[in-house]
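Order of writing sets the chain letters: A, B, C, D, E and F. Residues in each chain are counted from 1.
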Amino acid sequence: MDIVPLRLVTLVAERLLRGRLVEAVLDLGATGYTLTEVHGKGTRGVKHNAIDGPSVKLEVIVPLEVAERIVEHVAETYFQHYSVIVYVQEVKVVRPAKYGSGRDA
Amino acid sequence: MGSLDILAANLLSPIVLAFALGILARLVKSDLEFPDGLYQALAIYLLLAIGLKGGVALSVTPVAAFLGPALATLALGVVTPLTSYAVLRRPLGFDRVNAAALSAHYGSVSAVTFIAALQVAELTGRTAEGYMPALVALLEVPAIIVALMLAYMRGVAGKAAEADEPRAGSWQAALHEVLSGRSVVLLLGGLVIGLLAGEEGFAKVEPFFVGGFQGALVLFLLEMGLVTARRLGDLRTVGVRLIGFGIVAPIVHGLLGVWLGGVAGLSPSGAAVLGAMVASASYIAAPAAVRIALPEASPTLYLTAALAITFPFNLTLGIPLFFAAADWLA
Amino acid sequence: MGSLDILAANLLSPIVLAFALGILARLVKSDLEFPDGLYQALAIYLLLAIGLKGGVALSVTPVAAFLGPALATLALGVVTPLTSYAVLRRPLGFDRVNAAALSAHYGSVSAVTFIAALQVAELTGRTAEGYMPALVALLEVPAIIVALMLAYMRGVAGKAAEADEPRAGSWQAALHEVLSGRSVVLLLGGLVIGLLAGEEGFAKVEPFFVGGFQGALVLFLLEMGLVTARRLGDLRTVGVRLIGFGIVAPIVHGLLGVWLGGVAGLSPSGAAVLGAMVASASYIAAPAAVRIALPEASPTLYLTAALAITFPFNLTLGIPLFFAAADWLA
Amino acid sequence: MGSLDILAANLLSPIVLAFALGILARLVKSDLEFPDGLYQALAIYLLLAIGLKGGVALSVTPVAAFLGPALATLALGVVTPLTSYAVLRRPLGFDRVNAAALSAHYGSVSAVTFIAALQVAELTGRTAEGYMPALVALLEVPAIIVALMLAYMRGVAGKAAEADEPRAGSWQAALHEVLSGRSVVLLLGGLVIGLLAGEEGFAKVEPFFVGGFQGALVLFLLEMGLVTARRLGDLRTVGVRLIGFGIVAPIVHGLLGVWLGGVAGLSPSGAAVLGAMVASASYIAAPAAVRIALPEASPTLYLTAALAITFPFNLTLGIPLFFAAADWLA
Amino acid sequence: MDIVPLRLVTLVAERLLRGRLVEAVLDLGATGYTLTEVHGKGTRGVKHNAIDGPSVKLEVIVPLEVAERIVEHVAETYFQHYSVIVYVQEVKVVRPAKYGSGRDA
Amino acid sequence: MDIVPLRLVTLVAERLLRGRLVEAVLDLGATGYTLTEVHGKGTRGVKHNAIDGPSVKLEVIVPLEVAERIVEHVAETYFQHYSVIVYVQEVKVVRPAKYGSGRDA
């Protein structure tokens, strides 16, 4: 079984951004996504409490260039005013085409 | 029932005590905690229940009787963000963005404060007008729109120009957020359902939405206490200006609401409840809209003011004050 | 109450309006959303409550009175998947797997449609037989088994052989899934508890399970509206054949149920409710079993048909139609 | 009502049947499952409701009437962990840490067993004293403290020294955990709110906290059945010594409680309920405290004993036994 | 403190598969697992909604050869008809034996 | 856009430890954290059920040396008696300073 490297991009953001971030990653080339409700604390004054509802973790498996586009978009659009972090890891998958990738992505 | 009796009865009511228990639980670092879903579930239930009851009441209210109070409410929804903004900008020296953000919150309404006021009305034995929930729906939105306009328009009425950063937020997105936000959808949706179903259709669901209401509110206020207590630490950082505003603004707005409510034809109880509504600061609809339209505004400022200052003030002292004022004016 | 009055009363009932509100909220892209746990909690509550009430009623029903309706229900549970399958295969041209999957759904029953029909019975002032929930339990399972057998057996009655891919799913796993699925466990479990506890034992829990029932249903239908709205987009992809089937099948099955219910000795109200049950398409028990037994079948087809076509049809027009038919036949 | 009638009525009550349904559902591998939040929500509701009712009852109870039962309860809270410990150490041969851990559980109280006993009191038509919930709050904490002291002190009364590993847990942290744990906060908080609000203040929230109580308990016991069934497999590993202790300890403690309750002036019903409380083993407050203070103790031992042995025993046979004993002593 | 590399295998699947996947990973050699409720969207028509309940993310830390067995099993058994993805990452752990691994797994 | 490597430390633990672990990671140098409710099974007899509430997954993005301190602390304090696992992965982030890191951490 061939296992091919792609990127796992993880965003953790205040709930309000959920809809926008989901739309953004799909627009930028992700073929799917996985959402988890989380609670967190970061460097921003905004704490996430019952009023806002839990924060959201958005994970997408994408080819490298899509990963870069997502990181760039999030950094530009949301870093200044919103509570959001983004990080990237390498993952191995079996069906790279499913994630919008050629074999050697 | 004298004013002090009302105050005492209010402070010893299960909902106020539950709020205090929530604060205390957090202060002693209890592991008591509401599951995320329970808070959301209670909020959905309470908002829908308010709407339904208001709608049913509206279905038996002559339009003429409703018109005066409705207009008074709309007027208050336009005026209070303006007065808030003026005071926050000039004497208190907040920058335009934060002043507008706070004005949106103080012009709009907190549903829980509203319900607490309704309970007090029942404690005193003089129930407020049944259609009051419809007024909540009217009061919720306009203030947010007015306040955001203040922030978006350059050089608001007679104000010195200030270095104006480019807007980070989006006006249209915020408007959509307010109008399609869950609190407006549930309140307005409930109103319409109640109006269409009428008393007969509502009878079947009454045990659930009316019988269970006050108890559900006790749970909700317990959780509100837990949430508020987490914000108490921020009181030190927001400064004495904001604390003062968070207490004086509800008094002034509330008395204005009581007076105008009476003028518009509400009963003393109804006028007192309207006063509490006007005095309250929104913490569901307004924060979401402001976060989108004015992301540069500090959530610590507006959430701490609304939740940790004004909400507890109204819940404990403000509401009895408005009832006293309504009696005095009557 | 005339047929049109029933239709109007149904369309203006809080549960139908709440369903509409849910759809509307999604269409205006509201952020209104039920926490996962709330939906599950309401489903558990409603299914257990139906079972309990049915069991208590059964505890005071002579076996003889129950036998006729029970046999009629079982017969309908065997016949309707067969008729569905025949129509889906030949005139409509669905492949065997998808035809069987759809037949499982349309032969089984939707608990919410059942409850909605009960409400209408109460609206008309002629309550249906108390043991109707026991019939729901009887109707739920057989159709799923029959439909899966159709898919698993090669060359079903007089059908042309078709290239038969090897079965991906497992028949035993599916059977276990149906019989131990939460809807069967809660319904049957509730029935047995109600039967054993009887009216006296049930009295204590009645405020919770009966008093709160209709209100809880309003919340549930609000969420059903949100869920259904998400499937409306799929209406375009499933094709006009399936939309037609999703409306005609419930009419035909429902009228068959009304007629057979009357023959079997049910009151007109009971026959109408049985009609609604037979007309309804399952979306809890059937999807889980079909996903396991027939993974090659398209969930988009059967979920869209059951949720976005047949459920709204029955909720709004179907149920009043079955009441009219029952009156006409009586 | 004779003792056997009580036994039968208890075994056929909806809550016992719901517990059985939960166990059965797991045994047949049903996918029935409560969302996390629902369990927590029900626990919060039940504990707060118990507290509130007890507080309201206390508000109309003369201190003198309450004093005897209160002192008896405290005494039982100190004595039963000591007797448990002695038996677990010497005849049964458990090591000190596990003996102390089990003693904390058996000395404290299970709120659900308490409620089940209250229901039986109502079944028999002789309601127990209204302030019983206040006794639950008194019984919950002392035993845990006593048991942890047993573990922390070296060379407890006349016991052979044993190789004493250094303590991994923290005494202070555990004490904080007990006193600020959610079950104490909700019970005590509810008591105080009920006491301050009184009957009049409580009337408004009564439909929610009293009317819905027994039904909510049915759901809770269904979930308890699911949870207990998961532990049944551990019965094989914990050994026959512990199974014996889990059945004999509640009988002995329960009868002691019934007797002392009668002596202290409780009605027979009240004495039987106190017996059930004393017989019960905690599975909310005690496990959390023990996990912190005695992390070396085996959770499999104490959770299996409390949940899979003693709880089902009391729920089915123990409670009717204590009522029979109370009648015999009266 | 020695930190040893193992594999983190993550499965995201429709809820229905939860019981089966958990059994499968334990059978194939995992010594434990972590489950999270998630919501997601992929390339399949199946959307995960309130009716099905949330989807499930299953994470297992295992030695390389177990990871390969799991990926193969899932691919063969579920890829064709079910909504499921699987990806593999490298992780460092302190107690490799706990996860069924020799030092040099 | 410069993407800098840091460490993602993940802890999965019984619920009781939540407060302690959060305090510990902040004390040891984390600038934020993300919490998720999970269910799991490991090698300990302790199963996580409705009584305890769900388990907790705690994720922190930190510089390498903080990651090492956290792993060491958890191993020393909790491995013997509590149900907890810890693992470490490399992640790439955009704003290293946000996580208490110099450029070349």
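Worth a mention:
Here is the rule we go by: a residue touches a chain if its C-beta (ideal position, glycine included) is under 8 Å from a C-beta of that chain, and two chains touch if they have at least 3 such contacts.
Please read these numbers as outputs of a predicted model, since none were measured by experiment.
Each step here moves to a touching chain, and the least such steps from chain A to chain D number 2.
Both chain B and chain E are touched by A, C.
Of all residue numbers seen at the chain A-chain F contact, under half occur in both copies; the interface is built from largely non-matching residues.
In this assembly, the chain whose C-alpha centre lies farthest from chain B is E.
With respect to chain D, maximal separation of chain centres occurs for A (centres as means of Cα atoms).
Taking each chain's centre as the average of its CA atoms, chain B and chain D sit 42 Å apart.
If you average the CA atoms of chain D and of chain F, the two centres end up 35 Å from each other.
Inter-chain spacing, taken between the CA centroids of chain A and chain E, is 20 Å. Under the contact definition stated at the top, the residues of chain D that touch 2 or more other chains are 31, 34-38, 40-41, 207, 211-212, 288. Touching of two or more other chains is recorded for residues 36-37, 89 of chain A.
Under the contact rule defined at the top, the touching pairs of chains are A-B, A-E, A-F, B-C, B-D, C-D, C-E, D-F, E-F. On the side of chain A, the complex with chain F involves touching residues 10, 12, 36-43, 55, 57, 68, 71-72, 75, 79, 85-89.
In the complex of the two chains, the chain A residues touching chain B come out as 14, 16, 37, 45-47, 49-54, 80-82.
Against chain C, the residues of chain B that register as touching in their complex are 35-38, 40-41, 44-45, 48, 52, 176-177, 179-182, 185-186, 189, 192-193, 196-198, 201-202, 204-209, 211-212, 288. Contact residues on chain E toward chain F in their complex (touch as defined above): 1, 3, 6, 8, 31-37, 61, 89-95, 98.
Per the touch definition, chain C reaches chain B in the complex via residues 9, 12-14, 17-18, 21, 24-25, 28-38, 41, 119, 122, 207, 211-216, 218-219, 222.
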